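Several structures are given next for inspection.
First chain A sits with chain B, and in the next complex the same chain sits with chain C.
Up next is the complex of A and B:
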């Protein structure tokens, strides 16, 4: 761990909602923007009549988008499409357009695995959705874990660590502790995955699920602040800042 | 679609009448730039430019490639600009609009075709390998005058960028990592910048660095690409109402003045960033925990 991540809400002026997210361990710096609800022109036949369509664009920093970007866009679209409450008033037949630009990093090389960047992309889009006040069914946090050949689990591996690892796992955990997304790569067995799952739960939520004696152990010290707290605090700070006039008056 | 919502008639009239009285929306003089802020990221060639509310990020990258067969001494240099809905909700992702084509064309002319970057210096081994330089422009907030902002950002990026050192040993190309050898700055021949003017009332009113609303209300634009020495390397009047020839003459001298001013700001930003980097580099090197 290299200290906490940094994030800010609504750094941009033109889009409906935006966020910037920087992961300190991997150095990925993502700028996300959300426009919703918007008209999606010339795609009338592709639109679902009673739901919003989620569109995701990932724009790499220093090369044209290719197959890797399309692939990760698919993952993001699948997961975020489930979270956005697309049946709320004003949303059916409209689009929720999420644009994510990689503005600084040691860059995933062309053809390298995108899984290392996936949590940063997920967090950036999540914060941008919150900033745009898009109705969501729940909040979530995500983490990437690499399992080395000796069976150790590394949190937030660098691109180099990730290529050396035997397996790589990205897990997104909802605010209720449910598993929302699991993308794995490489060879691993069920026991390893269970260990990875446990570790992801502690990283994201800070609690280990109750042991056999029913006790819940807090393991914040080992993993630093849980990610969920970080997301909450980022949003809380922004709300305090925006409503300072009201809070001060009260 | 790819078009901003048009101004209302009342708003357009307001802007025009104010201009006729010599007043701009944000209280600037006709020949005054919006506040310009140039900042740098962690990597070489990562520049963020804010010109008023217009802001964009440029990243310069290099790669070793094979030169084209008909130009064995030249390294390719590309400027890639893709407008996404991040910059403005009116732009849809993945579809090229008129603005994108226009801006890319002007940038190509002003920076690439004026040979601001010496592409022959990118050659490593004739016909076998050369550096390919790529400038990616990410527009993150659009409030008019994209051309000038992008031009400033790309030129700053090219001056800020350092490519890894490469050496030819017995016919083999060896590329040294950024931490192995001092990285090499690019060879810049001159520093051209574009200055965009918007014209109103058949060319009688001319303003510089228009914001989005002024751009929408204008009748035509004049783009002048000029360097510090006063060499005009690009001049265009693409569309819109006709403009008197005298405007071109008088505005080129305004453009020269502005280019000198902007280049001064860029130089200052580059120097302070460089000073910061060397300071940090020395601090890193003198750490006790380092290997000796």
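Up next is the complex of A and C:
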């Protein structure tokens, strides 16, 4: 595993909220921006009249957006739309527009799987939503896992590993331990998926549910720091920076 | 003061961080909501206060209020009684249609909602003119219109000084967080050495620019600051730009009171005011 991911909040001054997220293992560098609440271009875009509508735009670095981008936009829109509390003051009938620009990546060609980039896109949009102070019901973290033909699970596979893998899984897990997103590709059986799920829980939360008694056991630190802690630290760093005048005075 | 508590969405506010004043009901500010606890481990079904945005928990024991201070450059969401600087977009028979933040529906300002305005004598505002107004109502249902006013509807007076059209001067965009700090700093007495909310930049500019005639300032909660130095004669433009530069610098980098004083002296020297 290469070093931990790096992220910053509010790098853009003109948008309502923004984030940049760089994952060194896969090399993806995403710049995310959120504008909310804004007026939708047409009334018919407000699908649910009592709630906010989430719009996601993915901009690849070197070529115009195509079918692959529409596909991930759909996944992101479906998941983030459930996370945003669209009934809070000022949000009903308005739009939450998330723009994600791929600033740097490994050589992803057209037609390659988009799943390898999905966790980076999810993290970038999540941090941008936090930065824009959009009301959210919970936080989440995501990871991509590849299962090789020998049955090994690789965390954050490179594009080459992903192409060679028999199956590829993206899982997003909420701060409460719920499975929010499961996108899989390739051939696998239920046992494999269970192992992938366990591994994802360890990576995202650092805990493993041990059986039905509800107890949770801390796992050895083999996965490095859980991703949940990474999100929290990024937010705390920024708050300490922005509110230094208040925290120092107290 | 306890250690600063930073919350993320879905975190619960620990009860020992809430103000202990029980005489008044607890007021929940932006970013917090009341949820009923579902866990069966607690014997009685209680309620928890849950965060819905990330930020620093701030409590006000005097008002018995608790809220979350989020990142300062989020978009302004109109709240009743906030003072905002709006720009007239167009006018209709009854209303001026004003822009409070970009890419949001226009807010309505009644043509007669000015001090001393009647059907015969009312201010004529053209497209692009600025108004310092108070948010009268934000509507109840989804997609309702925001209404502004420049008078207190009960008395018909412009109270709080300065509500109404802003003529001359220049508007600077700042973050909503800085706008809130500036409002707090100007509404309370500057008796502290370090200023209110850690801001001394306006006091310092005030003392330094007193010699050339001082300046007028209006802070809108929607992240707009209007500055007018028309008394300053020849150096009016330079002084205005200097004030704007100081505000932008304070907004971009977190400056301590001492650094703010240094910034003011340096900027004024550079601009030769």
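Operating definition for what follows: the second predicted complex is superposed on the first by the 236 of 250 C-alpha atoms of A that agree within 3 Å, B and C clash if a C-alpha of one lies under 4 Å from a C-alpha of the other, contacts with A are read in each partner's own complex, and residues count from 1 in each chain.
Here is the rule we use: a residue touches a chain if its C-beta (ideal position, glycine included) is under 8 Å from a C-beta of that chain, and two chains touch if they have at least 3 such contacts.
Quick caveat, the model's predicted, so the values are computed rather than measured.
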* Identify the partner contact of A:194: answer first if only chain B is touched, second if only chain C is, both if each is, neither if none is. => neither
* Considering only touches as defined above, state whether A:9 meets chain B (first), chain C (second), both or neither. => second
* To do: Would you sort A:31 into first (chain B), second (chain C), both or neither based on which partner it touches?
  => first
* Asked: So, A:63: does it touch chain B (first), chain C (second), both, or neither?
  -> first
* To do: For A:233, select first, second, both or neither according to whether it touches chain B, chain C, the two together, or no partner.
  => neither
* For chain A, which side has the bigger count of touched residues, chain B or chain C? -> C
* State whether A:244 touches chain B only (first), chain C only (second), both chains, or neither. => second
* Structure fact -> Contacts of chain A common to chain B and chain C in the A-superposed view 13, 16, 35, 38-39
* **Residues on chain A engaged by chain B in the complex (per definition of touch)** => 12-16, 18, 27, 29, 31, 33, 35, 38-41, 55, 57, 59, 61-64, 97, 99, 101, 103-104
* Asked: Which of the residues in chain C end up touching chain A in this complex?
  -> 1, 4, 6, 8-10, 30-31, 52-56, 58, 69-75, 77-79, 103-105, 138, 141-143, 177, 181, 194, 197-199, 252, 254, 256
* Asked: For chain A, which residues are in contact with chain C within the complex?
  -> 9-10, 13, 16-17, 35-39, 46, 49-50, 85, 88-90, 92-94, 130-139, 174-176, 231-232, 235-236, 238-250
* Where on chain B is chain A touching in the complex? -> 1, 41-43, 46, 53, 57, 59, 61, 80, 82, 84-89, 92-94, 134, 136, 138, 140-143
